[in-house]
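These notes concern the structure reproduced below.
Chains here go by letter, A, B, C and D, matching the order in which they are written, and residues are numbered from 1 within each.
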Amino acid sequence: MISFESDYITGAHPKVLQRLIDTNLEAQSGYGSDAYCASAAEKIKAACGCPDADVRFLVGGTQTNATVITTMLNEYEGVIAATTGHIHAHEAGAVEYSGHKILALPHKLGKLNAEDVRNCIKTILADESCEHMVYPGMVYISHPTEYGTLYTKQELTDLSNVCREYNIPLFLDGARLAYGIMSRHTDVTLPDIARLCDVFYIGGTKVGALCGEAVVFTHNNTPHHWVNRIKKRGALLAKGRLLGVQFDALFTDNLYFEIGKHVIDMAEKLKAMFAEKGYTFYIDSPTNQQFVVLDKATLARIREHVAVSLWEWVDEDHAVVRFATAWSTTEEDLAQLKALL
Amino acid sequence: MISFESDYITGAHPKVLQRLIDTNLEAQSGYGSDAYCASAAEKIKAACGCPDADVRFLVGGTQTNATVITTMLNEYEGVIAATTGHIHAHEAGAVEYSGHKILALPHKLGKLNAEDVRNCIKTILADESCEHMVYPGMVYISHPTEYGTLYTKQELTDLSNVCREYNIPLFLDGARLAYGIMSRHTDVTLPDIARLCDVFYIGGTKVGALCGEAVVFTHNNTPHHWVNRIKKRGALLAKGRLLGVQFDALFTDNLYFEIGKHVIDMAEKLKAMFAEKGYTFYIDSPTNQQFVVLDKATLARIREHVAVSLWEWVDEDHAVVRFATAWSTTEEDLAQLKALL
Amino acid sequence: MISFESDYITGAHPKVLQRLIDTNLEAQSGYGSDAYCASAAEKIKAACGCPDADVRFLVGGTQTNATVITTMLNEYEGVIAATTGHIHAHEAGAVEYSGHKILALPHKLGKLNAEDVRNCIKTILADESCEHMVYPGMVYISHPTEYGTLYTKQELTDLSNVCREYNIPLFLDGARLAYGIMSRHTDVTLPDIARLCDVFYIGGTKVGALCGEAVVFTHNNTPHHWVNRIKKRGALLAKGRLLGVQFDALFTDNLYFEIGKHVIDMAEKLKAMFAEKGYTFYIDSPTNQQFVVLDKATLARIREHVAVSLWEWVDEDHAVVRFATAWSTTEEDLAQLKALL
Amino acid sequence: MISFESDYITGAHPKVLQRLIDTNLEAQSGYGSDAYCASAAEKIKAACGCPDADVRFLVGGTQTNATVITTMLNEYEGVIAATTGHIHAHEAGAVEYSGHKILALPHKLGKLNAEDVRNCIKTILADESCEHMVYPGMVYISHPTEYGTLYTKQELTDLSNVCREYNIPLFLDGARLAYGIMSRHTDVTLPDIARLCDVFYIGGTKVGALCGEAVVFTHNNTPHHWVNRIKKRGALLAKGRLLGVQFDALFTDNLYFEIGKHVIDMAEKLKAMFAEKGYTFYIDSPTNQQFVVLDKATLARIREHVAVSLWEWVDEDHAVVRFATAWSTTEEDLAQLKALL
């Protein structure tokens, strides 16, 4: 049985695991005050080309999204997101749990459009009864999106400009950021993101860590008493070193980007394999999630040997199936899959 | 520099770490549906002598307390706890964050008294305006308590009886449960706890894991859609295997109890060392946290070589200082400390 | 200056006010335990033909919507509503404030379609990752809708059937219910609503009361400790008599329906006036809110003498303007308006 | 049957009711934007001698407490209150419902002591782990207190000084403020309160209105978008005129203070009546709530003819019973009561 079920099915990248082993016996203070969190933060700031950044570590993606959004919004504000945005569709209402509304806008291949965002904001602010409405207080995007697609530098710049025009933060969910940055079809770099966004996170869980997301506040804009507010949400890890050590490893000798490159290479090969055999794609994804249309019989046959994610049914006989590559995907995995097509 | 700062200052116990290494490349489904979570749950049920138990894994202590409490309470209910209870004093208002009040009662050495609990419940229910009050919906205790003390089997039985009389759950916070069970001064076993409590958790973070707490619902009383509600709180770990593997290791070959025994042995030696030198104790603790009264000068001198936690000031010149032993505490650490006394 | 701004611009209907005067000196217990709340509840049950109903009184519409929805939903559930639904568009995020998501569906003239609701529920429940999603836990509709439109008995029956098929409550927001029931273009009666819905409210604020909404739980389905939960939301009125007395008056000698008839008569005349003069309507509304398209110059001219609500701009030169009739609207008001057209 | 059950058992003071009658047919915009709210606010500012004040109107006491507290606190803060404070003991957890902890301190006859407050704040801020605690963010007091007692000007000044030293607001709950100001045993005036507090409210419900509380922010310190945040809590009244008209009446020709004086006069006579007959008082209350100790038989006998509130049992045979006078209490009521003693 091989697995393309997701990018969080195996443990840690060997170099990350080795650092956990090497540092295991060192005594370090808790709650993120250890030397490794500090060191990893410095390395991330350097990689972002963003000396004013403040870097903090949380455990998982939904936790990070909900914490960032609900500590940066004012109480009378909501967050603009695509209807396909992870926070709107697949986080069990975590943003609403903390009392905030998601102002959902239509998407194009998982992406928000700057003009739609501007119109949404303008319409609300111009309404005579806007005190009865939820104010737009942040824009949330994911990069790569939930469909594996990417914003161009121009699209990101346009969104950033709208946000700055209305003085609300732009937040980028980078759960799979490595695969966006290392895609063969992008002009967006990590420093671009740090320059254009007000806050974003660099995903670890889906890029070779056991757990962990690095939140980057790009210009001294960390909410007051953020540690306390993380604690209040039950999200403060006692052995914060677990996050620090892993990110320190990921940002040593370009490991984060190397993992990204490997995973993209595997995805491009997988994509070519399916294309050669004449399969159709639901979306032309430039990253590590490939959405292939399979008929019922083929899906059943493949699932006997390969773990995959059933995305949705196109019609009664055809489904969209997600194949995700991961740090642990090997050429041999691909060969086994190929033999089944 | 040696450290008695806490029991979460070093990484994982070597056997726990080894299991993470051994299982690292296996593909496992996410969000707690992996084989290790299932296996660990079975081992824990056996150790508890509680075949009807449902065992689930969360990442940290505050998260576990807040999630258990606020998913088991009805909206109109609060939780009874000692004023010294961790949820009341040191969790940044995490229970209140989810909309519930803590009904705080006086403590005796960190412990709740069954009669005080009964009186509290009776008084509220008898009040003519009780629809304007918060109903008692759960009793929270910690074992060991925040002062390192332990409930006797009789005290635990009395609390359990009050809870059953009023049909509200008894919840035991076992962040340091190993040190309660393996104390030389207890008559309470793990099966006793499973029998007397409605829900409790077995702490991993402070007993040799990198992170993780095992929640035990003792009689088919897991709240509906608990996975969804964990997700909604941002507390669902994608690589749930990280928790499953560690607890599977901890509950293989009695490792959890062996760690408990070692840490207690170290604590008893430390306690004897201080006693021999004539130091006084703030509390006579039977577990791994020892609260020693130090004068200012001694504290300063010790802190040059030893990391400790300052608990509180007794007067201007004397402080209560906490020395905690951990899985990684060695005889050599004790010898170095002794040389400073 | 005359006003068609809304149906809550004047005080109480004279008969309602008279009852407040008549009962002013009587001593009555607080918090809804008075004789008038009890009497009004009986009269409403009779008017609904629903002896199993439980009738409770709250102060305002947003408060009622948020309280009913968030006390009836389970924590893992959200409420299905039209994107135009008052709770989604104009209540400042009050439902989300209590931690619940609104699952917004497209509308047709402000109405939800039963098939859309069924598809929404089916799709979520069939999703492999539905534990990461918000479960559908209630359907919210308004009648009349925010556009003044009405459900037919068949449409209401279809919605009711979907809800009963999936065992989730159907909640009808009747802020302007009198105008729905007394419309000349409806086949839906108050007993129909009581039979087809699980909970609904009969609006008082917009139908001649100073304040007050009567919530009807139709089949012994009032949430446990509802008084306590109202108090917890700050929504329990000390002098509950204020609500009881007013609803007792409204449901004596058919006053509620007489007010409805008068307001509809006024609306139909107003509608005819605009139609005669060749104005176009944004929506063909059968109730007391009429949405007329006015060009900029006409709007400005009318606003010199008449208070109205600007609904939205159709284009740069034309706006949708709402004219609402109320219990206090007179033939003279209509004559003055007519002179301006 | 006569009633001393509370001060909210009858309707509105005749002069308040008359103003509702007189203004009933006027068209006024909704949601607090009417002319009467504006006029009442000006009169209240004048009565407070506080030209920088911002005065807003809400419906009830619990709603006002919860709204003021949870819109002024930062997320990481809690509110200091006496254990007997209404928000802690009798509001069903409304403050916690919005996510904030009450930091409860011991009381003396219902009052907080400035030194206790200072020590509480100092201890939290000095704690090495204060990021794990709830920060003190406000001080809540009631005047009169829940026991009918009053702060002296010196006590109020001391509390105000502590708050200003630590830059946190002092909030005074004036549900029964008229009876504090018009007590025969006070040196505290309304302008004193406006000068020493950062926010307070002037109770209407218990002083002759049908409903309504006037919140006074004393120095341009109204939270941003307060109307929106009231709406989000379901607390924005559509016919805001109901509140404006009543407070406009209460602050015309000193009516609020005259009502206060009458109610105090009645209370002093009632107190003298009991004292003459040798009854003992649980507390020596200088305001309109009198707490008399009655034996079981007397209580039963009195309750046949008089509605009262049973406060608590002193022992098996003696209860504390509250007798409250109100705007509608008459000499005849007192005479009837006297005949029973």
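Note that a contact is a pair of C-beta atoms (placed from the backbone, for glycine too) under 8 Å apart; a residue touches a chain by one contact, two chains touch by 3 or more.
As the structure is a prediction and not an experimental result, all values here were calculated from the model.
S.K.: From the centre of subunit A, which other chain's Cα mean sits the farthest off?
M.R.: Checked the centroid distances; the maximum from subunit A is D.
S.K.: Looking only at C-beta pairs in contact, point me to the busier pair out of B-C and A-C.
M.R.: Between the two chain pairs, A-C has more contacting C-beta pairs.
S.K.: So the centre of each chain is just the mean of its C-alpha atoms; given that, what is the distance between subunit A and subunit B in Å?
M.R.: So the centroids are 33 Å from each other.
S.K.: Express in whole angstrom the distance between the two chain centres, defined as the mean CA positions of subunit A and subunit C.
M.R.: 42
S.K.: Where the centres are mean C-alpha positions, what is the separation of subunit B from subunit C, in Å?
M.R.: The mean C-alpha positions of subunit B and subunit C differ by 50 Å.
S.K.: Where in subunit A do residues touch two or more of the other chains?
M.R.: 76, 91-93, 97, 99, 131-132, 228-229, 231-232
S.K.: Any idea which subunit A residues touch subunit D in the complex?
M.R.: Per the touch definition, subunit A meets subunit D at residues 31, 71, 74-76, 99, 131-132, 135, 224-225, 227-229, 231-232.
S.K.: Would you tell me which residues of subunit A are touching subunit B in their complex?
M.R.: 1-3, 5-6, 8-12, 14, 17, 20-21, 23-30, 59-67, 91-94, 97, 205-206, 210-211, 228-229, 231-239, 241-242, 307, 328
S.K.: With touch defined as at the start, can you tell me which subunit C residues reach subunit A in the complex?
M.R.: Result: residues 76, 78, 89-93, 96-102, 104, 128-129, 131-134, 309-310 of subunit C touch subunit A.
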